[in-house]
Structure formats: C-alpha cells, structure tokens
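Look at the two complexes coming up: chain A is in both, with chain B in one and chain C in the other.
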Partner chain A sequence: MAETVVGAEAGVARAQTSRWAQIKATVGAWSFMSPAIFLVLVFFFIPAILLFVLSMTDLASSNFSDPWTYIGLENYRRLFSDRFFPKILRNTFKYVFLTLGFFNVGLALVLALLTSHINRRASFLFRLLWLLPRITPSVVYIVMWRRFVQTPPYGIINWFLSMFGVERQPYWLTEMPWLFVVLVNGFVGASFGMIIFTSAIEAIPKDLFTAAKVDGASSWQIIRDITLPLLRWPLLFVTTYQTLSLLVSFEYILLLTQGGPGLYTTEVWALTAYKRALKTYFGSHAWGYGAAWGFILVIIGVVMSVVYLRVFRFDELVQEPKIDVL
Partner chain B sequence: MKVELENLTKRWGDVFGADSIDLEITDGELVAFLGPSGCGKTTTLLMVAGIYKPTEGVIRFDERVVNHVAPKDRNVGMVFQSYALYPHMTVFRNISYPLKLKKVPQEEMQRRTQQVADMMGIGHLMDRKPAQLSGGQQQRVALGRALVKEPDLLLFDEPLSNLDARLRLSMRGEIKRLQLELGITSIYVTHDQVEAMTMADRIAVMREGKLLAYGSPEELYDRPRTLFIGGFVGNPPMNFVDVEVVQENGAYHARRGGFDVVVPPERGGQAAGHGTVIFGIRPEDVAIADDGVPGEIYVVEPLGRDDLIDVRMDEEARVHVLADPALGLRIGDNVKLRFNTDEAQFFDPETEQSLLWA
Partner chain C sequence: MTTPSTEPGRENGTRRSLRRAVPYLLLTLSVLPIVIGYAWVIIATFSYRTKGLLPIDAEGNIGGFTLQNWTFVSDAEIWRVALNTFGIAIGMVIGVGFVSSLAGYALSRMNFAGRKGFLGLTLVLHAFRPEMLLIAIFHVLLFIGGIPLIGKFFGFNTVGGVALVMVSLELPLGVWLMKGFFDNIPWDMERSALIDGASRFRVWWEIILPQIKPGLAALAIFNFITGWNAFLIPFTFTLGSKVSNLPVYLNRFSEDTSMVSWNQVAAVGLFSLLPVMIFFIFTQEMLLEIYSGGAKGGA
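For the complex of A and B:
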C-alpha cells in the first residue's frame, strides 16, 4: 500500500521534470532559430506585406500630393489584362531556365567536374580567372560585351570575322538578343555554382572513387552513380538559389538591351516591375502598379521554391539531429 | 591466380611511395604487407589494383603483364579501412554494384547478392543505408562487395583498424576462414604485426618504401635476418643487449659486466670473434629463476595472463620478461634471470644484419 503511494508520487515528479525538460528544449530550439527568424521577418515578410499593401493603392508620382487611395485589386486586373503580360511571363521563364540550365547549373557542374579531375594548382588558377567577371562592375562588364557585338569598325567579333573574310557583319545584339542575354548572365552566373560544386566534390572521400574504379566503373559511371547523387544537396541549393536570383535580376538586361530590341523582345518580369515603378519615359512613377508586378514575382518565387523542395525530396535530406538534446 | 611484382616503384617527384619491390605471391596464398604507417603499403596495393600507374617495374597476374590494364579489367576486389561504402546506396545496391557494372542479368544479380550477404551474415539488412549500420556490419558489407564479383585477387587495406578489439579478433578469424574456403589469392595490408602473424601465409615487411623481408611468420619470427625484423616481428618485442661472445673451455659465453650466459655452440660460434655484437632474446625466452643473471625490477606491467616485467641488469642493459602474476613481483625487487639461449639471436651492430641467418 505504502509502496504504491510512493510510486505515484515518483510518477508525478517524473511527469513534472519531463514537462520542464520539454519546455526547456522548445525554448532552446526557438532561441537557436531566432536570429534567422528575425532576419526573415525583417527582410522578407515585412517587405512582402508592405509590397502587397502598396500594390492595392494607386500611389504614383502623378497623384503624389493626394492622399493614398485604396483601389483593391485594380492594379492586378490591369496587370493581367496587359497585352504584353503573357510575353513577359514567357520571357521570364525562358531567361531563367536557359541561363540556369546551360550556365548557372549546367556549365557550373561541367566546370566543377573537369577542374576536379585536373591538377590542383591549375584548377585553382582556372577558377580564379572564371571569377573575374563577377568582381567586375556590371557597367564595365556590359560595356565590354557591347563592344564585342558592335558593328564595324568597333565590334570585336566582327573584327575577327573580317579576318576570316566573312562579309556579313551585323550588330549582333539585335541579330540574336536572347543568345547574348543568356550568355552575359550565364558567364557570370556559372562561377557561383562552380565554386560550390567543386568544394562539394572535393569533400567526397577519395576512397569512394577508388572503390568504384575497382568495382569496375568507368569515369562516366562514377560521375553518374557516385558524384552526382552525392551532390544532391549542393545541386538543390544552387538551383533554388540561382532560380530566385535570376528571377529578380534584371540589371544586365537593362544595361544590355533595355528589354529590346523592338517591343518587349527580352523584357523580363523584374525589369517590367522596375520600369513601371521607377522608370518611365515621362517621369511618371507608378509605384502602386509596379508593386503589383513585384508581388506577383514574390509569389512565383515562393511557388518555385516549394516545387524544388518537392522535386529534390528535401525532407529526405534533412537528418535527425546528431546530438541529442539533454 | 599468381601475382608477381618485379622492381615495382612509385615516385612522386623525389618522394618514394614504393621502391623497387620484388615479390611473388602463389595461387591461393594470403600475403600480408606489414610495416609502419607511411611505408608504402597502400601505394603498392593501389598499383596492384590499377589505381596508381607504376613509375617503374612490372606487375604480372599469372604470366600476363597488367601494367596497362584498367582496374575494371583486373577482376580484383578491395576492402578499405574506411569501408568506402557508397552512402547513398542501400546495402543491396552497395553489394550488387560491381555486378550491375558487369551487366549481370537482374535475376542472377539478385541471387548472387543475396548469397554473399547471407554468407556475411547481413542478409537481413539489405534495405539499410550504410549510416544505419554498426562498424562491424559495414565491414561485412564492404567484404561482400569485394567478394560478390568472384575476384581472382582480394586486396585488404587495413580492414580491421577501425573496429574495436574484440570485433577485430573475430573478424580476423572470419576473414582468414573465408579466404581459405574460397581459396582466393589475397594481399592483406596491416601495421599490426599480430594480425600479420596470425593471418598470413607469408609476410612482406616494408619500411620506407622498401621490402625488407619476405617469408612465413615462423621464418621471420625464428630466423630474423635483420635487427629491424627481429625488433618489429613479435609482441612484446625482442630484447637487445650489447655483448661480446667468447669461447672458454669449449663453451660459448655472451658477456657484459655482470651478465654472462652460455649460448649453444651453433649460435655462439657465428657470433664469436666479432667484438661487440647485439644479443637478441624474446621476452618469453627469459624467465625469473632461483639463480642466473641478477637484476632489479624497474617496471611491472600487468597484461592479465602474464606480467610484463622490465628488469635492469646494469646501467645500459634492460630486458623485458614475461612472468607469472602469481609471483607477486614489485618494482625494486631483486631477481635472477635465466635465458633460453637456444633461441638467442646475434646481430652485427654496424650492418644490423643477423650473424646467424645471412
């Protein structure tokens, strides 16, 4: 009888300590996450909400002195009925996926695989060279490209062509605007993925490659069966990160083609948002309308991130904690 | 399959990985490469596997020179110290990977993989990833992967170094039994001379890229040709004492100060007349006795079954002795030592070569 009472009391005590431990663990977890949460709130959620609020007003330079007027989803209606809306959307995806596929992930991966198979010193030098355009100011970088594609007597490409006796020497930028838009962005963009992939490849234990060779794998089979599967995490990271940065990047296009030649040929979403909100020929800034374009871009970005997390089965990559919380 | 290494050398600039190694492994034999870390064991093994290209020399499998044969065409299996399991593949896919590369039909692949896994006692773990296995289980998967393609040659690179002592002991036996049963020619790299002694048919002792000795464990243990082999093979290691061997009244004496032991003529005769020589005797050939060479106990190390006693005979001469713990010896005790000189070794202090087994 007495024993049962003691047992019950011990049970209560145990329940209390375990509840206390749980609270401690929760507080611990949140306090570890709080800096990141703070940053995400201040630099993502709050601006996104402000953007959304702004997009429901008619705030513009033409009526700047008047009080703000709430106009509901009028800006969105206007956006979706814009004659060039489908073209701009198509351009955006074309720009993002061509650059991503061929350069930011594709070429980056190829370069990383190649440089990790050659002598260390040479590959280091090569990577350093490849990083140069990234640290060159955008304007200088674009001026250089424009010089490349100029008509005679300035164009460098054409100068080479004339050396080989080619007669046709057009202004290449209007001839193939998309080629250069993708090339100009990809040439810079590839270096980021290359650095990430190279260090990820170097982190794979050498023994795995030796084992695969002994098991009978060719170089290509080693890449397919060992290297690439072990690069899943950096691949996910680079793909997601670069998709998002490409979605919102427009400065090279602005400097190179300004969305042209002609009507909206290379105009992408972020560039439109920028032009509507902040740059019009008549100095009439439509901040509210531009914000609507911007907010749709945020939604596209969020949706794409979720899709990536699903496609790459991100939940499988998340590991159980290696250290138990005491 | 017979393996022959001839003048095998690997150099990186002026760093020698392996330096003119000559060695022959007969069919079905297990040869241990034994040597301290950095002596070129792995380098030699990787040349045999075809991962490193030899700078000089020839590798022959049976009579065929394989220097330029790609690793995948050498049909060797290899087991690594790190296990080198593919972390993203299940146990099944790890073991079956060599078969998949050989394009073995699905059904046969399934059957052979299961058979090898069952033989290794991991048949029930097929769906696990390597990270979900214990060290011993991972080691078995690694072994399974090496065996599944029925290799002509098995290469082991310190496969047991990452296991705990007890598991190492049982895996040692298992690998040896498997190798005997399957009769696969094997090279077993280790820095642990007990492992080499217990498992190998022949031991290749290496140091600084060079092959120092090649012979059966008994040969290396009983008839060490150099001072290094004498000291390296055997545990606890051989004792060395500087002595002079003289002949008196028809008997040979090894002497220094108060130390004087009689050695059999067939050994003493070889060492006499060389001035100061190095006298080698193993701890198990020295005993604490009622009379003999006097000494004082310096250190007592209990090993469980025996005590390892460090006895100081004079300022410069100390010997390790294996003694019965029941004797209850303590530091500072004065004892008498008797030497079983039938097993005595003599080395030239200059050349460090044996005076007995030239």
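For the complex of A and C:
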C-alpha cells in the first residue's frame, strides 16, 4: 500500500500517484468505515425514510387492513385537526421553555457560578451530586419522585409539611403536575449545562479576575462584566442543544405521569407520537398516525441541528486528515 | 477557586465569612432533593415500611430493620434479568468501542471519497436525537426478526436486537469522540510502521489503539452506564420478562404493586443502582471529561 509519503515537499509526487493507489486507499478506508456505515444505514436512514412512508399509510393494528395502504396526507390532516392538538402544542412549549429557562440553562448557570466561587474539593463534590440523577436509571429516579409526592403517611414532602404543622397534604402529582414534570426533567438536565459552563469559566484567564479585584470590583460586578459576556457562546450552545433534546425527549414524562393526570394534562408532542404508535392503553397501535407526529419532529430536529451546526461553525472540525493516501 | 485571601481589609470578619458561606448554603439547598431521594431509597430498602424518611415497623413504631425486601435475590428470575442488563451494557461497550474506533481512525487518518459527507452526516446525527425513529425501528426489527437465523438473535423481542439498536444510536457520539482522540495522537510511529509495510489494520490494532486507552476507557464507562440504565429502547422492543432488563423489570414491578411493597421496589432499585454507583465512584473524573467533551444532552 505504501507508495508515496505526503509531506510538504511531496506535492509533486502526489499528482503522480497512480489512480490505482487512490482507489485502493479509498476501498481500504471504506472497509474501516463499513460497520459504522452499515449500522447508520439500518438504524438511522432506513428508519427515517420508513417513518416518512409510514406516515402516509393507515397502518394500524386495529383495522387489519392490508399493510401499507397509501392514504396520502390524511394522517397529517387528522393530526392538525385533532381536538387536543392545541393543548399538546401548548404543553410542548411549556415543557421546553420552563425546563430550559429554570433548570437546563438558568440553574445550570447559577450552579456553575456558585461552584467556581468556592473551595475546589467542595465544588467537585457538589458537581458529582448533581450528576447523580443523570446516571441513575430513569425508573429508579422516578420511583424516588413518586415517593416525594405521595399522600400521607408515605409522602416525603407531606412528611416535612406535617413537621411545620401544615394541614393540607394532597397527592402532589395531581395537585401540581407541571411543577413536578419540570422538576423531574430539570434535575437531570441541569448537570449538562453546569459542566459546560464550569469548564468555560475555568478557561477564562485568571488575570482578568485578579485585575478586576485589584480595581475593587465586587463579586457580582465581576460575574456581570467579565464572566457572563465571556460565556456568550457556551450559553447559546447549551440553549440550542437542550431545546432540541427536550423537544424530542419524553422518557421521564412517560414514567411519571404518562401524559396525565386527566386528559392530556402533561402530554407533549414526542410523547403523543410514541403513545399513538407504540404504547396504547387498549393495545391498538396506530403506527401510521404516530409516524406522522414523529416525522414532523424529525424534520424539526434535522433543520435545527443543521442550523446550529452552522452557527457554531462545526464544519471547521472537518479538517483534512493527518495522513493522506499512503 | 477562591483561596483564603490575606488582604488586610478592615471589613468586618464575621460578615465576610458569612458572605463566603452563602454559596455553600445555596448549593447545599439545591442538592437536598437529590440527597433526600437517595436517602429514602437506602432507608426504605432495609425497613419494613417508611413514613416520610422514618423507618417504621409493623406496629407503626420507629425502627423495624429488616432484610425481607431483599428476598428477591434468591429468585432466579432477577438474575436472568440482571444478566440481560449486563449483556446490553457489555454489548454497548464492545460494539460502540469497536465500530467507532474503526470509523474514527479512518476519519482521522485517511482521505477518501465521501469522508467529508460522512463527517457532516454524523454531526447532524450527533445533534439530532433518535427517539422519534423508534416507531420505524420497530418495523425494521420486525423485518430482521423474519430473517432466518439472524432474526433469532437480533430481531424484535431479543436482547441482541435491543443491544444492536442501542449501539447504533450511540455511534454518532462514539465516532466523534474517537476521531477526536485519534486526532490528538502524533503520527510518527504510525507512519514509520506504514512505510515498513505494515497493513492499516495492523497499525490500527497494534500501534494506535494502545495509545488511546484512556479515551477508550472513558467511552467504555460511559457506554456501560448508558447500557445498564437503558429503559426506553428495551421497554419498547421487548415483551415479557425473558428478555427484559432491570429497569423494565422494575417498571413492571412498581406498576402492578400495591403500596405495601414499595420497599421491595426500593430494594430492586438499589440493586440495579449499585453497579452504576460503584462504577461512578471510581471513574467520575473520566466521566466528567466525556460529558464536557460533547455528550448528548439528556432530558
């Protein structure tokens, strides 16, 4: 395989590299790539196309029709005229913006600022504790939260309330479902931003802080005038990235409320798609209809990720490899 | 970060130390729910019942230490479920590690037609989360299940199928991390080996891989935890306890259980949490690295 070394002086030789060697190199590279390409094709590409095709059919376990009956855009029409469509749309926005604002960006930033202003070892401990929800199996994590909100004598929140002599001790999950949906997701989501912001803060040259301190700036002034402006890009990154994540994630809501209590109280777009197609109370799977809900999210996801990769100039990462055809 | 300052300020000493305590206080408050949640799991596991955070016995008095919640460990089913869980986790460690270090090497070191296209593509995939494809992947798995022989191991409702889906969905992240690791390795050794006539594959296996062991280890830990905790994909693509993993088993258990056996739920929960915790304690620094290195955003 080794014919030409591509160095600075080998530019002329490169032009003479025989076509055969290049073909051989490409074949070699693709054989390295083949397992990855195979899996990406089977589990990303084909599903994406399949989802689109599915969304144009009435495939469902209830009608026993010949599979893949083409019905055009009927599913999409049905989706937009669904009685609960406005509510689900509202819920989705509520879920994404509340969780993002209060936790995934808001609290994450506060945590990063706080932990970078205290003793190193202590800050490490706090960050580890904050990472715990993320590495806890989601089912176990939800069991904890279910226990928090339980009615007396089991519920932990109510146990604390009775210590303060509060009389009203309801089942908190049906009392304020949204509060807990946001809390449950937020406690998992905050650690991502926290870590990104922390490493960004640590990357700020120390002399900036020292200089400001010498000039008599207070902690708050330092944060406002030095730290925050320098965190502009990480902030934008976490915001866009987490918006996308939240938009399509529904695992915790599925486990906590299943979209309830009542009719569609906490049901978000992604959960609707999933439930319609794969998990229904009556065991009827409307794959086609669910696929229509899902495909819209796929489109949003692809468009958003392309846009934000442009914004963050990720294309710079696609630099030329170090060893060329060799 | 702030070391005890020695400035001879005239500021009131107690007030200053109070101000210094504020961040600690706020942080402690913020982690309280997490700490309480874990405390409950541990307390509940070893008690007959709990009232709030207090363990109580059958008569309702405080106390009542018991091991009865742990009787499930003598059940053969839990071990089969645990084995499935372990299978998925190990499948992810090996699958993602192998496939993405192959692809990462090619992307980092070789120039070939389609390289840029594939890189751009994995970038989009990396940003785009695949939950919504589950509906279609369901049909792909049904199709694979229909293929003779292969279908038995990788089709719908098999541990292999679940592992394969999980490996694939984790690939965009793995490929990118691996490419990053390879990019940081100087290529002198590798080049001289190539000039000496070693094949690309041998170079990859014998020279390059040993150099990125820390990176591989970090990816392996990350994947083990992800695989061990996997819920949504096993939940969607398996039926019945024969092929379910611990989270799915626990979910079923906690759903059709009455109030009384919540303590058993906690015990099974702790059982599935333990390996991850042990892993976490020994490897947190590596994990912090990989999370900041561009992991997925989670919920």
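Just so we're on the same page, the second predicted complex is superposed on the first by the 239 of 326 C-alpha atoms of A that agree within 3 Å, B and C clash if a C-alpha of one lies under 4 Å from a C-alpha of the other, contacts with A are read in each partner's own complex, and residues count from 1 in each chain.
Basically, contacts are C-beta pairs under 8 Å (C-beta built on N, C-alpha and C of every residue); 3 or more make two chains touch, one makes a residue touch a chain.
The structure presented is a predicted model; accordingly, all values stated were derived computationally and were not measured.
Novice: Check the residue A:V311 against both partner chains and state whether it touches chain B (first), chain C (second), both, or neither.
Specialist: In the superposition, A:V311 touches no partner, neither chain B nor chain C.
Novice: Identify the partner contact of A:L255: answer first if only chain B is touched, second if only chain C is, both if each is, neither if none is.
Specialist: second
Novice: Just to be sure I read the superposition right, which of the two partners does A:W130 touch: chain B = first, chain C = second, or both, or neither?
Specialist: A:W130 contacts chain C only, not chain B.
Novice: Comparing chain B against chain C, which has contacts with more of the residues in chain A?
Specialist: Touching more residues of chain A than the other partner does is C.
Novice: Does the superposition put A:S199 against chain B (first), chain C (second), both, or neither?
Specialist: A:S199: touches chain C, not chain B.
Novice: Touch check for A:D225: first (chain B), second (chain C), both, or neither?
Specialist: A:D225: touches chain B, not chain C.
Novice: First (chain B), second (chain C), both or neither: which does A:M176 touch?
Specialist: neither
Novice: Would you check which partner chain A:V214 touches, where first means chain B only, second means chain C only, and both and neither mean what they say?
Specialist: It touches chain B, and chain C stays clear.
Novice: For A:M33, decide between first (touching chain B), second (touching chain C), both and neither.
Specialist: second
Novice: Indicate the residue numbers of chain A shared between its chain B interface and its chain C interface, in ascending order.
Specialist: none
Novice: Under the stated contact criterion, what part of chain B meets chain A in this complex?
Specialist: 46, 49-51, 71-72, 76-78, 80, 82, 84, 86-88, 97-98, 101-102, 145, 149, 155
Novice: Would you pull the chain A residues touching chain C in the complex into a rising list?
Specialist: The touching residues are 1-2, 5, 25-26, 28-30, 32-33, 35-37, 39-40, 42-44, 46-48, 50-51, 54, 104, 107, 110-111, 114-120, 122-123, 126-141, 143-148, 153-156, 158-160, 183, 185, 187-189, 191-192, 195-196, 198-199, 241-242, 244-246, 248-252, 254-255, 270, 273-274, 277-279, 287, 290-291, 294-295, 297-298, 301-302, 304-306, 308-309, 314-315, 317-318, 320-326.
Novice: Taking the touch rule as given, give the residues of chain C at its contact with chain A in the complex, in rising order.
Specialist: 1-2, 23-24, 26-27, 30-31, 33-38, 40-41, 44, 50-54, 98-100, 102-103, 105-116, 118-125, 127-140, 164-165, 167-169, 171-172, 175, 183, 187, 190-191, 194-195, 197, 199-201, 204, 225, 228-229, 231-232, 236, 246-248, 250-251, 254, 259, 262, 265-266, 269-270, 272-273, 276, 280, 284, 287-288, 291-292, 295-299
Novice: Over in the complex, which chain A residues touch chain B? Could you list them?
Specialist: 205, 207-208, 210-218, 221, 225-226, 229-230, 232
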